[in-house]
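First chain written, first letter: the chains are A, B, C and D, and each begins at residue 1.
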């Protein structure tokens, strides 16, 4: 079960679809093998980059079951954000029954004022019972800013809130502030994706081995080498970061690297254009020259 | 099946819950009897005022089934708006299998640009097959403005779009513009809630008999009497119109009038305060003096 | 100078333009005479309904000077909201030098989190020195919700905040909450437009004599008569309340009542359509029958 | 005068303030010398990164005058975005009288629907007369998405629209689409900041010499070298890109490089934290090792 001691690299997984938009469970196996082989410490599925809102309840459960059965002993955190508490609680129960380590919750964008955000998470915690959850702080996606003081209040009143999925911008000082509050008595949270000194790690999931290596180098105190490795990937990271098209880029790279049978997104969703594909290929070649050969599929 | 000839008064139904937040199917029967007894021509359920996002899929289906079986031959239109097409299509199939007349779809708030709105409805139409649907135009709720030209493009490319659920502000001139386009070749839509010359009819669902009478008077050319009757209800309409608390007011009035066993909203949702309840009672008394006795439950 | 003892009816003034969009200072005199003759206790100019953002600095100062010189001893509160503190402070200085009683400030819509709103008003208070100001709470216009706790913090830290311009929805319980906090030690604010038990008084400025009468009746304990009078105006109030077109309706009515030479809004802004004008005329006739003759200009 | 043939590197200038928030005209000279010395082809001032809304009208004019008198024959484009057309036109007139090459206009965020955006720019063009302007497409800042078809309509109906300030995300395909429309008859625009194949050039203004070099290399067909040089700066670019804190980072770097006497932002605005400053210093050192010595001020 997820708790505040979680650490290491939790990959943000995509969700594979075939070209007609159906869930692709064969590619799911291949993808999870790829992530596990890269040294991931855990998996996060059905988040914003997992096209979660596009899945019906039964599909979300089927995908989760497949991931968990393939991931072995790796903990799997499942995004269960939904417009209402009933759907959120129903999905939470279904995935925990199938072996998930915990769930991840992003608040809806329309909450008004600090108190409303605190109340929302208290309602969620009540609705899902004893299940540990990650608070997803992702204002770029839902327009909702969550102040440090609000996170502290959620932690103080929801014992099952054990992790922060940190994606706010600017975020580095936010992490500093949270860690400082912990020194003054706030219960410690696991902070997903901030510890490495990288503020865009969620962009990196199609090079999970790099992420693991960066983490390992940092943990060993080899800061400069960690940056060297990370910076070599920055041109692609920068490229993937484009809102709207970023997931299409990530799926294209995963397909080029052999982890997916198709780079399809379910509708509505963009495809990479011919120009975009050519530019990604150009950057992959440059990356290979800089960091040594990787398994890259020949462009079709 | 719903088509563009739909006319008359389609009540916007609330969804009854008991005090613990469970779906209250007994009150559902009572409520539908109340609406039918008021002379409604059709029912619209699971819209914004129906707390639809708070229901899990199975609950939405169960509520729909109960409403349809109680409503006799009245057509029932079911809101199926969802974050993704798979959930939307799954709910559509379930409610149509149980006898719904059609569905109602509000686009998500984040669509960017006119083309994106048109594409969204085309994707929906493709996802639900031959099912007739109402386009819900409700910018106050989701922040999305839908220009007349966009509605015209949806109508031109989606033969199953047969109704406009009209809640835009300012809306009267929008209706005028749409009717004018129809004279220039646009396929005719049924426009739900605009035809009576009332721009806030959705607020009125707790006085359905008044709405029916206003419609009947207008249809008979008795414009001034129609306004007299409607204007007598305006103080309460105005009161219910307050964003955030409006549904609590509506449920309180329905409870006072005996159509609900409880005025509970499912969490998260407000309750009427003591002061608010007293003010509604004051207005109900004034209304009764103006229009004759109605069945009003003694305040507990 | 404005202070927390301000009470009575502060009219929300429009800004007159001629048909080419130029500031119409002659109509300004006529309009202020109309407001003063109706018994107003004060004037509020250059608010949201005053098309303030459409005026250049010099125009705003010229209009303010004209209003103040015409309003006699009535206090004039001037909206000074601006994208930045330098413009806000410059306009504040200019209008206070010309005899304004105080200023009114709406925060920009993009503030994130409760703390940011408090800080914004502290920055404003610092920038304008000893000038008393009204905090404008108007989420429908700028998308920014201001919790009661935030207002309390502004009041506690900004001694020059003496008034709340209250336009939130739902707002009645917010006023109750604020008055309750005052009983527990919060410094008392003047609350503009809440005291009458009307939650839409800002809509009423084109019938200022009615507003004054309602206030007087309420102050005399004649609650039922106050509601009778107010409710007679509700059909027009309801009509004016339409976002986007409301100001066009208000200006049209003020023109029909002789207070303006033209109903022009400065670009960008809508005009009332032929259908809308006919509907307003219909409601004005009904109002006249209900409340006795008023000076209404024959439609051109 | 600005026209559609504008090309090369137009630096996005910051606005210097001293520690008390006053306009710092001495640093302005130093900053412009720094930009000119870096080989810039033009200057863009008072944009989003220029803290434009924080300047009162007189300050904006004074700053513009200083920049123009120092910039020699370099064209200066001045941001004149304002809440209303009167202020926009007044500032346009003032800066054109002082020798600006043209102005830049970002539409307000609240425009609803494609037609409203087109109308807005038509109103602006009418208000500023013959002055050439750049359409600023910056949805990350104002929440307004501008479709390609809207840009095409603005170009077709506003002969004075000669430039696109391109900051949309994802933007590369948007540029491709615009250039493709030009082949089908759309009047050619100068596109500011897209031509280099860099999609974040606006982030780069504190290393203007690099931007110029990248542009020169690309223009000479040396694509791979251009990417090498640009990619070396990416770690800092990535860091500056953080919303909210990005400008603080840029000003800190400009101060470290000697182009500013202070890194102060005018209130409200963040300061770089101690941790942030240390991280920037770390990246500057790494950059220097990669690209050779640059003039970097010793950290205080």
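In this text, contacts are C-beta pairs under 8 Å (C-beta built on N, C-alpha and C of every residue); 3 or more make two chains touch, one makes a residue touch a chain.
Keep in mind the model is a prediction, meaning the values are calculated, not measured.
Asks: What is the set of chains touching both chain A and chain C?
Replies: Touching chain A as well as chain C, we find B, D.
Asks: Based on CA centres, what chain would you say lies at the far end from chain A?
Replies: Centroid comparison gives C as the farthest chain from chain A.
Asks: When chain B meets its copy chain C, do both sides use mostly the same residue numbers (more than half shared) or mostly different ones?
Replies: Mostly the same residues form this interface, as more than half of the numbers used are common to both chains.
Asks: Please tell me the distance, in whole Å, between the geometric centres of chain B and chain C computed from their C-alpha atoms.
Replies: Centre-to-centre distance between chain B and chain C: 33 Å.
Asks: What is the distance, in whole Å, between the centres of chain A and chain B, each centre taken as the mean of its C-alpha atoms?
Replies: 38
Asks: Chain B to chain D: how many Å between their CA centres?
Replies: About 48 Å, centre to centre.
Asks: Which residue numbers or ranges of chain C touch two or more of the other chains?
Replies: Not one residue of chain C touches more than one other chain, so the list is empty.
Asks: Residue numbers of chain A touching chain B in their complex, please.
Replies: Those residues of chain A that touch chain B are 51, 53-59, 82-87, 89-90, 119-120, 123, 266-268.
Asks: Looking at the complex, which residues from chain D come into contact with chain B?
Replies: Answer in residue numbers: 112-115, 139, 145-147, 149-150.
Asks: Give every residue of chain B touching chain C within the complex, in rising order.
Replies: Chain B residues touching chain C: 140, 169-173, 176, 199-200, 224, 227, 231, 234-235, 237-238, 242-246, 273, 275-276, 279, 286.
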